[in-house]
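Okay, handing you the structure first.
A, B and C are the chain letters, set down in written order, and residue numbers restart from 1 in every chain.
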């Protein structure tokens, strides 16, 4: 492989991985702090993207649409937690899975009713629409670099919160422990509500910033959810560090899997079976550490 | 003892009703019933895993779809497969898949188990959806139904909807009986122990991994029976048979009917299928085509059910009758 | 010459910076009750966990009979003839007392991969369960769900389950915890009777019971063995009195 091609794929892999991190960190945080598995988490990726498309079209500007979409998504998260999610904190995982699965159907159909089932595109904002030339023929889009930058910024913010705040202390202790939260002088109901809303907004944000490059389509939420699960299984539930490591691993494996050629004994493995690579990776991890690289032994 | 007699009487009554239905109902009703019975088999297979062993599998549809695809791939174009070979082979395919997937997933616990079962099922879904192995997203048609011939005699014809109905009924009864026998056996008691307190089972000397894996495989094989029947009934297989919407639906059937009761999930299957049918035939209201967007109301129903009915219909009825909620031994 | 059933050598367990069990070497012999006593936090339950396989040692060896069982999984250790009861009642609450014992007894079958005959048809397993229940005095309570039993009765089921696996070594972690005087007396008598055909390692706080039943005493403080010897020796040891017996738990 040529160096420039390699560089492009590397950047793509990292960008995809960082985006995955944005989505999966929200999911793992909510589970780590509140003990709730929210399988509708992927739907917020879709909701974020659709909001971005709808508001960008309506307001005429991606930069106006972004904060508006973030605010809207956060609001939905706060309401959802107050109405439904908070009833799940003491329930078993099965009930949580089913209830949030029901939410997926509600979100999907509502989206279908409001905006239909077509695929949409979101134009890349003008400021970021340039490309950095690598060779005479190859160049790399600035927008993709911007996506990675945003993800890194959010990751940095998360790092600061986790390492330097009382809330972060709780996250690091990995507890869904109400007493500990209260002893830290935090209003637990508020904390849970904000954490949930922040968690799903992370997914929504990822959808928003990804929309100009990956299109806005009905199945996008479910698609990303499954990969999120693989991230968490590999990285360990409740671990943000694990989510980062696993996301980058998957981003790179998936991206390179699609461009490499691998044939063993006449069987064409790559790129034909590239969609299976992340699952094979997961299978290997399961044999080695079933609770994930940074997961706690259950 | 009285409650047991009532339950047995109810089951036998239902059996008689099911046996007589084709003579009293129209073709459409018979076909719906066939579909319900197939789903009942699938739901009971998941109950073994979920209700009796406590393994929350979110990818159960994989074993259902695998058998259906096996039949489709075993069927030569424009000719019929042999029922007597294709049926065992399809079920074996599901069982084999369950061994392979089970080997990886059974070593996980709790939330991880839920996620990895879903992930592997989706892997299979994408394998069939994205590739040309079996018709991609369109699936494969089974042009000619399998033929069940013994010498010159055909005991039943799978292109006759009445015969398919009775085959489904027979397999439903056999599945129920088989599961009851298994649950009463030493193996079944180990499963029950694992559900209640796996740690204690380990300290008592049971290698629980093996038993969970065996349960996973049996459960998968029975799901394969349902998948084969479904492929026979509809003459088509597609990736949705492996999809997580079906996996979630089966979980709902088990919950609705009552986990760990075996008959409950069968009833849950009926409730679910009828609910689905009912919602799909709703008219428009307020400018929204409710029938087309039936999943909206279905989703709302699932949310409510998950909130209000943790023990399913049977648990709900038990509570109404004032009986304490206990596990079913 | 009584046979040594269990021997540990330099058994150590660390949790990060904390050393819960340090360099413990002891022996359990057939026909003997070896009691392990010490203040709370001395590492007694951790020691039992190390012996039953619930925890892996950081260092040291555990030998059962002739076999090195260090680091083996709990189910393997159980199969080799170690029965354990837990400090925190660890039973099958929804099942009847009989079923608890029956499931414990069933574990002794070569394999439970039997699918067709009913579990309850196995007369030997049923008999073993019945014997275990009778040994702890619960033969009339067999058909009651354990969740409905009193705390003391639940502790009895806990012991019965360990018995039903017909072990050579019994690891009993505070079996008398939460029991009334009458129940405790019954268990003490049971232990005296059991000692003949088992090796027993008993962790207990009830000093009356310990001195009534123990042949050997090991005193643990801060994860280490302070003293080990006959009850008389331990009772008269000044070090033990200062560290433990002299405080609240004297007779």
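Note that in this section a residue touches a chain if its C-beta (ideal position, glycine included) is under 8 Å from a C-beta of that chain, and two chains touch if they have at least 3 such contacts.
Everything numeric here is computed off the predicted structure, so don't read it as measured data.
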| item | value |
| --- | --- |
| Chain at the geometric heart of the assembly (C-alpha centres) | B |
| Distance-maximising chain from chain C - centres being C-alpha averages | A |
| Distance between the centres, which are taken as Cα means, of chain C and chain B, whole angstrom | 44 |
| Euclidean distance of C-alpha centroids - chain A vs chain C, Å | 49 |
| Gap in Å, rounded to a whole number, between the CA centres of chain B and chain A | 32 |
| Footprint of chain A on chain B - complex, ascending | 50, 56, 58, 104-105, 107-112, 114-116, 118-120, 122-123, 126-127, 130-131, 244, 248, 251-252, 255, 288, 293, 295-296, 298-307, 310 |
| Partner chain B, residues of chain A touching it in the complex | 31, 37, 84, 87, 91-95, 97-99, 101-110, 112-113, 222, 226, 229-230, 232-233, 237, 272-273, 275-276, 279, 282-283, 286-287, 290-292, 295, 298 |
| Residues of chain C that touch chain B when the two form their complex | 52-54, 73-75, 78-79, 84, 90-96, 99, 102-104, 106-109, 112-120, 122, 145, 147, 161, 165 |
| Parts of chain B lying in touch with chain C, wherever the complex brings them together | 181-182, 184-190, 192-193, 196-197, 199-208, 210-211, 214, 326-327, 329 |
